[in-house]
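Shared between the two complexes below is chain A, which pairs with chain B and chain C, respectively.
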Partner chain A sequence: MMWRWVLIAVAAVGPSGCAVFGYTLVRPGAAVDVAGSGLIVSPDRAWNRAGSINGPGKDAERWTLDGPALNELTLYAGIRDGRPLFREEDRRDRPLPRFSATMLPVDVAALFEASYRVASGTSLFTIDAIAPDSLAGRPGFRFDYSYVLPGEEVRRKGAATGAIVGGKLYLISFEAPAIHYFDRDVGAYRAIVAAARLKDDARDVGDIPGPLT
Partner chain B sequence: MKRIAHAAAAVAMLCQPPAVASGQVPVGYQPVDSDERGLWMVMAEEERRVRDSNFVIQDPALNAYVRQVLCRTVGPRCAEVRIYLMRTPYFNASMAPNGMMQVWSGLFLRTRNEAQLAAVLAHEYTHYEEQHSLRIFRDVRDKSTVLSFLSLPLSILGGMAATTAAQFVTLATIFGFSRENERAADRGSVTLLTRAGYDPAAAAAIWEGIEAEREAAAAARGRSVRPEIALFGTHPTSRARMEELRAQAAAAPAGARESGEGPYQAALAGSWAMLVDDQIKLNDYGATELLLTRLAADGWTGSLIYARAELMRARGTADDLRHAEAWYQAAIVRPDAPAEARRGLGLTLLRRGEVAAGRAAIASYLEHRPNASDGAMLRAMTGA
Partner chain C sequence: MRRLFILVAMMALCGCTTVRSFAAPEHRLPDRPLTIVVMRPDVEVSWLTAGGVAQPNADWTASARTALIGALTAEQGARGNSVRLLGEQSGEAARLVADYEALHRTVADQIAQFKYAGMILPTKRGKFDWTLGPGVRQLGEMAGGGDYALFLYARDSFASDGRLALQIVGAALGGYVPGGERFVYLSLIDLRTGDIIWFNLLASARGDLRDPEGARATIDTLMRTLPARAGARP
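Up next, the complex of A and B:
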């Protein structure tokens, strides 16, 4: 039964099927429009971008260097008022909390924490610090967190940088095992955050009249 | 289908305990046949994993209290049981055939006195003493062989495995067998409670609470309560258990009827903040509000007023924020409310557009907690 659906799905998406089911390579320096939102990021090293089936939802993307268990980057691009951060597994009995455009930075961190707690069933999740920062040149915030998933027991660390722009949430988070991987790879995340921009800004630049040729 | 049966076997092993036809295991019992030795070996491995888990609550006083309640309820054989308190915010406890008992932290918010805690511990202990897991293991093993056989021709026909009537009935009998063990454990718990001088009505009261919580959760989400499915549930429905437990409690011999509310409250005093915080972060407004109201049965303490305001602020509708402000205002004048009430008040005021008052409340919070982990952000937000 399962295979029949897989075949239908593959036939439906054609050669782009791998973009839906598997991972595609993001080359260093490439400019990626995250989930078609206008958030543009350019990694400083090669990443693997999960297809939409493995992704967190339609307003976000998930990237990894060596596999999501070892290092995972999630790019939330334009989460609108009233929407959850990522795809809900059980909307009826375990609905995720919703983003609100009026949230303060500490509210976004609390939303992030509650979303992880509800989705994974863990109680071992803490926001360790939160401070002002910027994303894509907009005033925002960054926070550090740590957590353990039930049944797995690996202690993980995470860092996230975000901003609310035009009532929509843009947030880039990175997480990895606290032992070795977080410290090894957090630089790749910081590079992506540092180079992130919004397409509207690019258009503004493009609107400036250049020399006629 | 086979996977379902195996999953059922695994769940059965975790959620219950083992058995020989004669009934109870003798003192100092060790497994006798290959089935049971195998089960104990698997559970010993599982226990090593649980023992080393990050989720185990180490608090020595709380651990000692739960053990003391178990020992009072079941007698000296409590020494055969290892209790692991797991930081998981849902209502559950489980018993493995080798004597490993797990109690989830969410249970402590839902049992309201020592007798109710004792009822859960006695229920789980009865699974152990009557060896329900071993019985279920054998039952599932025998029936899953039947299930494999029944699904074989269908697999050959192209993997379109449909559930035949025979498979359906076989599966249902596995779950039915499990439910019968649950009833036996419920009966055992009432007997043990009565013998220990606890109020035997405590067992039914737990299920009344669980029913009320399900209704409150659904109501707050604007949904109807999903009916529990008896045919494929490993446990009887809450309502069925409640009714049977009530009848058993009514028939219990007369004697002491202690509820032990005071000792229970005292033993949990140091854990309430953590338990309530874990519950609030579940995004379950209705159930959490009910649990807080129940905790406040003897009056709203500063901590509980603060918790209720936090719940409202977390959901964050315009009405919630308006109510939250009033609850925070009520909290901050109480000496038993945490300083975090000032933080919550300030954040609520800021979201409601009352900037000056919001900044003042946050500044007051930072005076109480100068090293707060969110201090840098709050100072930036308030211009401090």
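Up next, the complex of A and C:
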């Protein structure tokens, strides 16, 4: 009998589109202050933004076009020293690695890979390329990756662009199945990265230029 | 797939049989006999242990697969369409088929989550526009040509004696212990574009997919909302 009430609860919460659980619309052209961090992005098309319960944590936002398994944009907005990239589901048995403000780009890519391996349990994750780049006008880096989740046979490709500003990590990643979805939608991610900016109050003399090593 | 199983449990608890379909509103099937390429059906029939663990049964699964393919072929034949089963492939072709089967399972999972399970993507409101991409043409070419590809996923289960005993005890105590359930979905893909133009899902606590009659009843129920060839809206 309890399941009936679970169903009713799910059905009631879903269509309400509330910001806590479910998805809300991000309109094209809107200037979005990601997680209130000062990282401003303006998408070129409409996206669906995950609520705080099904999102990645308080320092990040997760957006999708067709569902998170088909195209997922994650905006990490000012991850502080000593914090994980996203919410820890099981801190005791599966603790996530922590970001350090002194990390170099290769370290950030390794942090990203290790976080995915711990969170999803995948052993099939590779960083395919790392190169210098910029985010929000700050020197930074980009890397490409690919992975397969346990229990699935879908190979996904990903791309991420980031910079460490004022000792905080700003990173925008996009991932989608290698068949069709990645190539179709990666342009939307690139448009968001190209137009990303930081509010002036996010500037800090402690910027780390992010040399590639 | 886990979300799909949660979904079927929820749907089966809400009534004996639930069927709900979605179709791409703008798509019209050509007004001529069609060739449907049927992908390798993903079928599994199990018996439920007293603890509720599904134990797959190879003989039951083979019977259900045969019965479902027979029912599909007969149903499409009655519409004047022909069915081509995509045979076993090898090498790169086998890998390509497996990749598209996996992608389709992922897309179906998202359809289940955002069209059936109550969660809504605002950009999908009033739309049905999921796709596998135009690369699916290769599947049609492998089959020797076709207009649409049909994916079939079916799970059927039957309660063991121990499970039945638990159901009786549960009922006597005023509780509910789920028994056997069947869960089937079909999706029709336009082989020119890769777009999923129709998707129908059935969840039921009744029936038997191993039996040709049970499989026919299930396929006929699911196919009832397939868009008509003459361009009528589903």
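As a working rule, the second predicted complex is superposed on the first by the 183 of 213 C-alpha atoms of A that agree within 3 Å, B and C clash if a C-alpha of one lies under 4 Å from a C-alpha of the other, contacts with A are read in each partner's own complex, and residues count from 1 in each chain.
The rule we apply is simple: contacts are C-beta pairs under 8 Å (C-beta built on N, C-alpha and C of every residue); 3 or more make two chains touch, one makes a residue touch a chain.
Keep in mind it's a predicted model, so treat the numbers as computed, not measured.
**Student:** Is A:101 touching the first partner chain B, the second partner chain C, both, or neither of them?
**Tutor:** The answer is neither, since A:101 touches no partner chain.
**Student:** Should A:110 be classified as contacting the first partner (chain B), the second (chain C), both, or neither?
**Tutor:** Touch status of A:110: first partner only.
**Student:** If you stack the two complexes on chain A, which partner ends up touching A:25: first (chain B), second (chain C), both, or neither?
**Tutor:** Touch status of A:25: second partner only.
**Student:** Which partner chains sit in contact with A:153 here, chain B, chain C, both or neither? Use first/second/both/neither.
**Tutor:** The answer is both, since A:153 touches chain B and chain C.
**Student:** Examine A:179 and indicate which partner it touches, taking first as chain B and second as chain C; both and neither are also allowed.
**Tutor:** second
**Student:** Figure out whether A:53 sits in contact with chain B (first) or chain C (second), or with both, or with neither.
**Tutor:** neither
**Student:** Answer with first, second, both or neither: which of chain B and chain C does A:66 touch in the superposed model?
**Tutor:** A:66 contacts chain C only, not chain B.
**Student:** Under the contact definition given at the top, report the residues of chain A touching chain B in one complex and chain C in the other.
**Tutor:** 1, 3, 153, 155
**Student:** List the residues on chain A that touch chain B in their complex, please.
**Tutor:** Counting only chain A, the residues touching chain B are 1, 3, 92-97, 100, 102-107, 109-110, 113-114, 117-118, 121, 123-124, 127-132, 141, 148, 150, 153, 155.
**Student:** Quick check: in the complex, which residue numbers of chain A touch chain C?
**Tutor:** 1, 3-4, 6-7, 10-15, 17, 22-25, 46-48, 64-70, 151-155, 177, 179-181, 184
**Student:** Which stretch or stretches of chain B touch chain A in the complex?
**Tutor:** 52-55, 87-90, 105, 159-161, 221, 223, 226, 278, 281-283, 314-316, 347, 350-351, 373-374, 376-378, 380-381
**Student:** Given the complex with chain A, which residues does chain C contribute to the contact?
**Tutor:** Checking each residue of chain C against chain A gives 1, 9-10, 13-14, 98-103, 105-107, 109-110, 113-114, 117-124, 130-135, 175-176, 194.
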